[in-house]
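In this document, chain identifiers A, B and C correspond to the written order of the chains, with residue numbering beginning at 1 in each.
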């Protein structure tokens, strides 16, 4: 059984930014030498998410608008702590903070349009992602 | 350590359809011979989801109405690509695209009402699901 | 390869209650003796969820208000079965029913603010959670 763990730190230029990390996950998989198993891709912060969806710019803007509608930047009780990122916590809950990708024959076993995204909802500061491979 | 991977292709009659796949996942588990471990059940498309919830027809209609309210069929930027399924991408993000089921003593270790569903949001064409078992 | 499975039953005093279970998950991890791997934390009911987020009281109230706004207590078709918890099913779908936590060097490999919560949406009766550790 093999385990391989990698981390990546993001410091985005914008508060919200959606970054395609499929190539990075593939690199970690190659380093691991695993040919059958699973890889966990998980944000290590509570104001960022990870999803699998399409790499299409229009859609990414649609997602951004939609998240802002369902979990708007507003005044939240959480802000009594001095933070102003209540909306980012809610956006994280909405899209989930992680995915598990299957590994078969040494490759990510994804469908034709599936791309892995790191979704930053409260950026401009260093934030980490963990990628953990488990298999044989 | 055992790994076993199965795929299933769905071509639904309706655009949206929620299909109970618990029996299928159980069959894959039996084929795998795994008695302790986990099984990943994941849509391979970005306009379909997988969830664990109740097998109750009224609730399934409630879920359908609710998803249409929160992620409505509408005009999205994504449609400039020629697609008309922007809402299906958002519905996928909302319910998530996968679940992991625990396996204990050779069975899916689910609660009394937990049933696994494949949730099609943009059907009438062939779409795949992956079921991957990992354990001993 | 080691597998270790633990269950915990909750019977909350209120209909909705969000309980920090990070310490419980850590105890299960220690019992397992696993130093590298993953742990699945999953509600065994369809009206409860599990999430990773901040342990901040204001935020927990924000989440509660937000969930009530997006998946309100109301009259649902599901209630024709005699139940009155349609909203709890929708809240479960919204926040997801499970997380997978990475284990590295014998510890939960979480970011600085990440805490694991059991989110009860239809309490006052016994409901179970499963924690399953898999690794070496």
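We adopt the following convention: contacts are C-beta pairs under 8 Å (C-beta built on N, C-alpha and C of every residue); 3 or more make two chains touch, one makes a residue touch a chain.
Keep in mind that this is a model prediction, so the values were computed, not measured.
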item	value
Chain copies touching (chain B, chain C) - same or different residues, decided at half shared	different
Turn needed to bring chain A onto chain C - CA fit, degrees, nearest 5	120
Computed distance of Cα centres, chain C from chain B, in Å	20
Where chain B touches two or more other chains, by residue	1, 70, 94, 96, 100, 134
Chain A partner contacts - residues on chain C that touch it in the complex	1, 36-38, 51-54, 56, 58-59, 61-63, 66, 70, 94-96, 99-100, 102, 104, 109-111, 113-114, 134-136
Residue ranges of chain C in contact with chain B within the complex	1, 3, 5, 40, 42-46, 70-71, 76-81, 86, 89-90, 92-94, 96-98, 100, 128, 130, 132, 134
